[in-house]
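Each of the next two complexes has chain A plus one more chain, namely chain B in the first and chain C in the second.
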Partner chain A sequence: MLKNVGGENVSKSKWLLVAILVVSTALILGCAQQQQPTTPAPSGEGKVETLYFGAPISLSGKFAEEGKASLEGMKIAAKWINENGGIKVGDVTYKIEIKAYDDESKKENVQSLIERLATVDKVKFILAPYSSGLTLAAAPIAEKYQVLLNSHGGASDYIFEQGYYYVVQTLSPASRYQTGFLDMVKAKDPNAKRLALVYEDGEFSRAVHEAAREYAKQLGFEIVYEKTYPAGATDLSPILNELKAANPDVLIGGGHFADGQLLAKQLAELKIDLKAISILVAPTFTSFYEALGNKAEGIAGPAQWEVGVKYSPEAAEKLGIEWYGPTQEEFLSAYKEAMGEEPPYQAAEAAAAVLSYAKAIEKAQSLDPAKVREAMNDLEFMSIYGVWKIDPETGKQIGHEMVIIQWQNGEKKIVWPESAANAEPCYPMPTWDEKEGGATCGS
Partner chain B sequence: MRNYTPLVTLLLIYAVMIAIGQGIQGMWQPIMLVIFYIAVGQALNIFLGMTGYVNFGYVALLGVGAYGMAVALGYYTDLGLIPALTLGFILAILLAFIVSMVVGGIALRLRGAYFAIATIGVNEGIKYLILGGKIWGGSSGIVLSGILRKAYGAETMRFLSTVFADAGLIVVAILSGIITMYILNSRLGYGLIALREDEDAAKVMGINVRRYKQIAFVISCILAGLIGATAWTLKLTYVFPQDVFAINYTVEAIVIVMLGGAGTLLGPVVGGLIYALLKYYLTIAFPGMQLLILAPLLIIVILLFPEGVVGYLAKAARGTRFEKFVR
Partner chain C sequence: MAFVEQLISNLLYGAILGSVYGLATMGLSLIFGVLRIVNVGHGAFIMVGAFIAYWMFILYGIPPLISLFLAIAVGMAIGLAIYMLVVKRLVDAPELASLLAMFAIGIFIEEFAKQIWGADYVGYSWEIGGVSMLFTEVPFTKLLAFASSIVIAAVVYVWFRKTKIGKAVRAVVEDREGATTCGIDVNRIYALSFSLGIGLTVLSGVLVTLFTPVGINVYMGGEYTLKAFVIAVLGGLASPWGAFYAGFIFGLIENGSYTLLGLIPGVEPFGLTRFLSSVVLMLVLLVKPTGLLGGE
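Up next, the complex of A and B:
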């Protein structure tokens, strides 16, 4: 009898739980439904049609943050295009809509979403998923359906060495991450010849630094020291002691945030003075300066894009190329309004990918991916993100340059290339002893 | 009494899925996603469902299988297409066999939760072995599409990564089902179910529990290796260590087995269908919100069918003429 009552209680509470779950699911469904974008009403004059750009993007999983920023960048670019006359092909004006799905940062999802975009949604222009791995997973399916795939978050060079024709790149490839810095050093001080490389043993940083080493040799640098450290390293002092003995002028290295910060910290502890340092990833974060204080002064690093770059219609005119898209101020304020913070570089590169499609479609005067791909071959324009120009054969980005940032007087300044810079490079950077005495760049 | 009729149901489900995938535009990749999840569930079920032991290192077997195929195609390309592919399958099976013998030989001496704890680091361990030892391309992984295109031509590469990879995965998935059915009908299966219910009692009855568990473990692992070789290496044409040793696949496989019904033939099929289709359509209808909606739905299913959907159906079908077809 007693047991029976207990059983009833259990089953009652179970049904209650089910009911609660059903109600909450219904609520979420309701909320989600409301977020669905409404299609804009077509305007009366001329023939206006909607053109969809597909985007399998990571809104959850490990690339969720980067994915959300990218999607917002795409939306801002699409909105700007629509407000500035749309894309004109013949006598039809196309308004852009971004058709986005969440790939959860997973390779299996990317493949079925690309197929859905290409066949069910009939999308011909796809903005690639975030990261090199997912872009590589998307490429065979895009190639199969002959739709264009524009990589805005896949930097690795090997994507473009596999022979895919319909895959193009908007961001700078890994091989060009540290080359701008080397150009800058050479321009500032042709006598600084002794280069050292200390970097993380990871797929990405390896690709970056192996390409930088070859580029440095071409520029006439002498490689005096090169060593990798494993991911998650907590002590670099054995390597740095060897480095000190090699007596380099310039150092490039790093990998991710934690090891890049460790590298800077231990260089300071061991008082290894260099004329210039460029570290991958870490210096672009504000927390880098917060952690190191004025030890971070003068340390540089490459970035795809930064708030404050000087790419503008005037800069484009100086270079003799066309400007397309919103201005820096328009982009910044639109992003801030939507997301409540300053845009990270992922937003700018995704926006540039959307702009490049629009520009290429208008140039080709066709919605046929093969013709648009052909038109991309000699397309060159400047946007908030910088120059866009691809290598016709591989689709690799060759026009865009990495910007070099440097910490100067507690502020992150853009020092290279000259068309983007908002400050002069601080070269040579102050020594560790000078910094201990409170010296900063610019003081 | 040996009963193989549930295989009819199984094959019927596959036939319907393949017909939908081929007949409706844009459905082929989603169907392959479903079959991937079914295969992953089916292979895990042979061990988890039959013994009640949770193998948290499961994804490591998919990973080594993927590497086996990638090494053969990437490093022995000169052998020619057919020999390299054959070598790939052999290496996938061999690597999965070695890993499962080593892991099983050690960890299967432990019981219940302790076994789960012992296996939880296997995928991380192998990942860091490849990264730290710089073997098989280390952190750079193996990217095959360019190599295959150069060696065998673009057409062959496309055939390999689309038609052949998909067909291979379907064969592996169905094979896992047939093996499950065979085990359920065999002395091995009865022994495993006995040890799942009460390991000590099974031991007293004269069942060599260590050996039985090991056999189930090795079979489950080899099938997982074959899934990695087809669904990952051949289909995606690349292998990165961070990608193939990600633990979320283990968790998804466990969810699918539990959802459909552990220890049943059709459980992983139903579980895979529910899980993959729900997720796919929620992704399309509510991009970015799908996981938030999926989670309560899964909890509801588990609450309503504590023994899994197929466990419930098998009970409901008892005494009716459908009894023979559900297991």
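Up next, the complex of A and C:
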């Protein structure tokens, strides 16, 4: 043992650390022992232990808002699991605790925090940091220490194309952002064949729309027009004049906030009537309707999750899959109580990641990350966030569907998938001339 | 035929866009021409104008055309304040000092605006209809942006040519010491020009939203700063009306070339239009290093 310890100074401080650890462990154990009689093991036979899920999450820096929401979602899920029997492995019941560290939205911190969680805290299950960039930084370290990393805020497909085994995904990857909308159009109107794509020339929107184009071809759409515009464009009329001549039925496109608003605005100005439109990012914000007024009516867009989705134990039963975790109402009220506002989608996807770990550990009956990862291969369940199911090969999420929102009568409605929808899709959407006369999707 | 129709449609939109670009550059040229200060924070003032238009419309229902007057007043007040507090001390300082100062002021204004308006992308919809023109639809708001830009540019032109004070400004541009000996108070001319330059820039922000009433954000200025620099150089940096003509040409190239570039198979024409605008700039500078109206 002593051989492994380094120089003299190091060994001194190490001994001090060990002493502190021993004392504090004794204290904690003492407390735990005192508490144990008050929480008897449900079956009466097994013992209760604490299982830590690690979370390097942004509580400061540019992702602070998203990070805080994610962490709260994780806590709500952990609390629900603990109050509903914990995770049973053999005759041990595990209660979950989230061990969170602030990564300050920085890549360097993420890497050292993963290392710390894996080696110092001996955590085997890690909830990835927020955003694709930080998750990409975390992945190789998790892989190195063979601890599981569950991405709840990294949509990039690229992360899952690096051959990592221990990295799995809970949210929908970029390649699936626009596919749900195409499914919806196909279901509503098999004759709408002429599809156009107009999107921003950026990494994210390219990944989304190139995947959507291939998917559309499989569904039998005919691609009648496809063009990109550079970031920061102030006038899309050259593209849209061309688009009009191509006479499409359906349009998908967009990229970020500003260009998404601009695309919708200029489609209205140039009176390019379409049966359905889905724009990335911009339509999910209330500022979209404020900016466009009733010209926003009928415009759809993909979202990972929205308050108001109808995923429920009944919806799960209909699909023949298991339900796990709190209901929408429970989740909403727990979040509101803690944060004083409605949960953003980041909270729901982080909660789903915690639930997926609990479910997979119970299925594997082991705390060995390799065995849990194997158990994930054919795990399928539904939670507040929707279906969870990964591609065994890459770890990419394939069960979860993007919900499609659509502006109807001044309200943001969820119209797809059917198991989540709280309204019927408005199809075909009103024409621009009809809207000029005051028409909405509700009228 | 479709090709010709699209080319004409794009040129029409290009002309409208170009007029807004032109006006959005005049302030930059005026300040450079008179004070030899490069306003790298230019875009931030356009943003302020855009938010004035947005706020007036959303809060009080005031149409952007009326906001133009408020914008120039607010802009001139901001400009005068910046001149008194900062620029006055930097007129004779090395160029880098004023460059950095304007850069800092630009950032300050953006961050200050964020405290007021937040980081959201907002917009307003002033629906006054549109008209079918030359194979395409043009909303009246864009036509108003076009007409206002030309009228405002003309007013500025007449003011410079015909009024005494306008002539004094021109005298300072041509020869500062000469102007001083003729009894012109150079400091007052500086203050006036800087203030007017910022005023015109803030005002152009309102026109920008008449053309694009969505995507208004505190960081929207960067794109316009970049274009304004290209246009200003194209027009001959120190010449406000050179800038206006150049903006017009820039808009025509940006939109018009789209159709032509689209004829080349396998290229994304939209990305190349910016490239082409830069090529034109280079060619102009090769032939006439002072820009289009540099000598005037």
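One rule holds in what follows: the second predicted complex is superposed on the first by the 397 of 443 C-alpha atoms of A that agree within 3 Å, B and C clash if a C-alpha of one lies under 4 Å from a C-alpha of the other, contacts with A are read in each partner's own complex, and residues count from 1 in each chain.
What we mean here is this: contacts are C-beta pairs under 8 Å (C-beta built on N, C-alpha and C of every residue); 3 or more make two chains touch, one makes a residue touch a chain.
A quick note: this is a predicted structure, and the numbers were derived from the prediction, not measured.
In the superposition on chain A, contact of A:Thr234 is made with chain C only, not with chain B.
Of the two partner chains placed by the overlay, chain B and chain C both lie in contact with A:Asp201. Ranking chain B and chain C by residues of chain A touched puts B first. Touch criterion met: A:Gln162 reaches chain B, while chain C stays clear of it.
In the superposition on chain A, A:Ala246 contacts neither chain B nor chain C. Of the two partner chains, chain B is the only one that A:Gly133 touches; chain C does not reach it. Contacts of A:Leu270 after superposition on the shared chain: chain C is touched, whereas chain B is not.
Look at A:Leu59: by the touch rule set out above, it reaches chain B but stays clear of chain C.
When the two structures are aligned on the shared chain, A:Ala291 is found in touch with chain C, with no touch to chain B.
201, 230 are the residues of chain A that lie in the contact sets of both chain B and chain C, per the superposition on chain A.
Within the complex formed with chain A, the residues of chain B that make contact are 25-26, 28-30, 32-33, 36, 131-132, 134, 138-141, 143, 145-146, 149-150, 154, 158, 161-162, 231, 235-238, 240, 242-243, 248, 280, 283-293, 296-297, 299-300, 303-304.
Note for the complex: chain A touches chain C at residues 201, 227-230, 232-235, 237-239, 241-242, 245, 257-259, 261-262, 264-265, 269-271, 282, 285, 287, 290-293, 295, 436. The touching residues of chain A, counted against chain B in their complex, run 14, 17-18, 21-22, 24-25, 28-29, 31-33, 35, 59-60, 100-102, 104, 106-109, 111-116, 118-120, 133, 136-137, 139-141, 143-144, 158, 161-164, 201-203, 206-207, 230-231.
Across the interface of their complex, chain A is touched by residues 2, 6, 9-10, 13, 17, 58, 120-125, 127, 129-130, 136-139, 142, 208, 211-217, 220, 222-223, 254-255, 258-259, 262, 268-271, 273-274 of chain C.
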